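Structures for review follow.
Consider the two complexes below, in which chain A is the common component and chain B and chain C are the respective partners.
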Partner chain A sequence: MSNVGIVIVSHSPDVAKGAADMVRQMVGQGIPLAWTGGNPGGGLGTSVEGILGAIDAAWSDAGVAILVDMGGAETNSEMAIEMLEPARQGKVVICNAPVVEGAVMAATEAWSGSDLATVKRTAEELNHDLD
Partner chain B sequence: MADGQVLLMHAAGLHARPVVTLTKLAKTFASRIHIAADAEGPWVDAKSVVRVMSMRTPANKQLYFRAEGADADAAVAALVTLVNNDFLGGPE
Partner chain C sequence: MNITQARIIIDSVARRVIAHADELTELDQAIGDGDHGLNMRRGFEAVLADLDTLAAGDVGALFNGVGRTLVMKVGGASGPLYGTLFMQLGKSWPAELNAQTLHATCRAAVDAVAARGKSQQGQKTMLDVLVPMCDELATGADCAALRARCAACAQATVPMLATRGRASFLKERSIGHLDPGARSSQLMIEAVCDCLENAG
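Showing the complex of A and B:
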């Protein structure tokens, strides 16, 4: 059984790497995980190429859930998904959730073997009133 | 149906890392499992990181578990043991 992979996209490579470190330390090694952030010049930014690389690195036949911080991270992630071959497009989703907390929630759900829709829903529970 | 309770000794209370560890363990069981910090509830889904974290349980509170399902007894026993072991020895 393969677990859903998690991709973390932030404008800051430090944020992306730090969030990924939190996931590894809190949830463990049981899930594919990759992060990307920053532009080639060392500044803040995100790139479609970087996101595609991270999707490849975290690829799972169960799919990949992407957590993004804001703005370009989301639009570039959408563009990256559109550039995937059709067979993989339907297996990659962007979660509407805060990047750090969402990554931990999504990874915990993925760790237990849940499907992609459940992983996305769990990350997005953060947005909902829990009562 | 099984239930159990245990005193939460972990100094920082039920904070992020212990919650993830507890939730992961709960998810290894098929039973429906609920947790509460009071015998009267409110009961929350022990498999939900968001919900368990939102309990904001401080140290020295009694934790209550109840489970329904084929492996309910094993689930409650494992969760009580995890809390007793200061959240060490959970699933990797």
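Showing the complex of A and C:
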């Protein structure tokens, strides 16, 4: 698929899946989408392995935008990006945006065929709305 | 340091963290999300389980492998932070170990942790122990001095206001609690010192 892919990372698998459900209902099937949540032991937290798997699942040559909830989700996502093969690293970005609203906004932008930088910018515009 | 000595150190660090997992979790329940001990135990149990494989190469490869295991298995922010520490130690481990190269290697690793966490000393984090550890190594300190400085620095996080990490959400309510990351760093450094002192 040529549209930018979206990855949702939350400490809670329920939150991540719920946000992904909202994206699918509001934006539809026109974008690659994956979610991951929970730590490697099954509790609340995030997993680099899980994030790498989600990036793979939502992979698009146009790139992948990641939405994270807080703290370790961001740090683990940065770590996951650095562990990708070099050719892929530059095509994955983390959006500084609220996870649910950001995912819907990013997915809407991605569905219209925008490039990765535009998708990221659109998600991050939410921060200005919140100020 | 040869691979046998390095393996003993990693084994000791892992067992020390696991033995204190409940204490770390209690500290984290006060000012974090209460999972530091659980996460660190899971990570270091994976290290112990894989130790034969991890220690099959040289010292650099061992530290790098420990770091990768922590990144993959810990699950909280401490995974990438401690993972980065060990991975960077592994990447820059010197062929010839002396006071200067040890200091330079540790400094590079702690700088990498600071970059990963977008943090610095004074924010009530593990860096409040790790940075002074490097400062001590720069002076050629022995284990007794290192142990004393790191214990004092961990305790010095108690009155600090957290400005990074989950504890920063609590603002002034973070004051009065020992930082769990500072404590886990102190525990690891003590475990290393014990090994070095036992080796004479």
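We adopt the following convention: the second predicted complex is superposed on the first by the 126 of 131 C-alpha atoms of A that agree within 3 Å, B and C clash if a C-alpha of one lies under 4 Å from a C-alpha of the other, contacts with A are read in each partner's own complex, and residues count from 1 in each chain.
One rule holds for everything that comes next: contacts are C-beta pairs under 8 Å (C-beta built on N, C-alpha and C of every residue); 3 or more make two chains touch, one makes a residue touch a chain.
Everything quoted here is computed from the prediction, not taken from an experiment.
> Is A:76 contacted by the first partner chain B, the second partner chain C, both or neither?
second
> After superposition on the shared chain, which partner residues are touched by A:39: those of chain B (first), chain C (second), both, or neither?
Only chain C; A:39 stays clear of chain B.
> Give one of first, second, both or neither to describe whether A:30 is in contact with chain B, with chain C, with both, or with none.
In the superposition, A:30 contacts chain B only.
> So, does A:48 touch the first partner chain B, the second partner chain C, both, or neither?
The second partner, chain C, only.
> Regarding the shared-chain residue A:57, is it in contact with chain B (first), chain C (second), both, or neither?
neither
> Between chain B and chain C, whom does A:84 touch in the aligned arrangement: first, second, both, or neither?
In the superposition, A:84 contacts neither chain B nor chain C.
> Which positions of chain A sit in both the chain B and the chain C interface?
In chain A, no position sits in both the chain B and chain C interfaces.
> Going by the contact rule set out above, which residues of chain A touch chain B in the complex?
Going through chain A, the ones touching chain B are 25-30, 104-105, 108-109, 111-112, 122, 125-126, 130.
> With touch defined as at the start, can you tell me which chain A residues reach chain C in the complex?
My answer: residues 38-41, 43-49, 70-72, 75-76, 78-79, 83.
> Within the complex, which stretch of chain C touches chain A?
My answer: residues 33, 35, 38-39, 42, 71-81, 83-84, 116-117, 165-166.
> Over in the complex, which chain B residues touch chain A? Could you list them?
So the residues of chain B touching chain A come out as 16-17, 20, 23-24, 27-28, 47-51, 54, 92.
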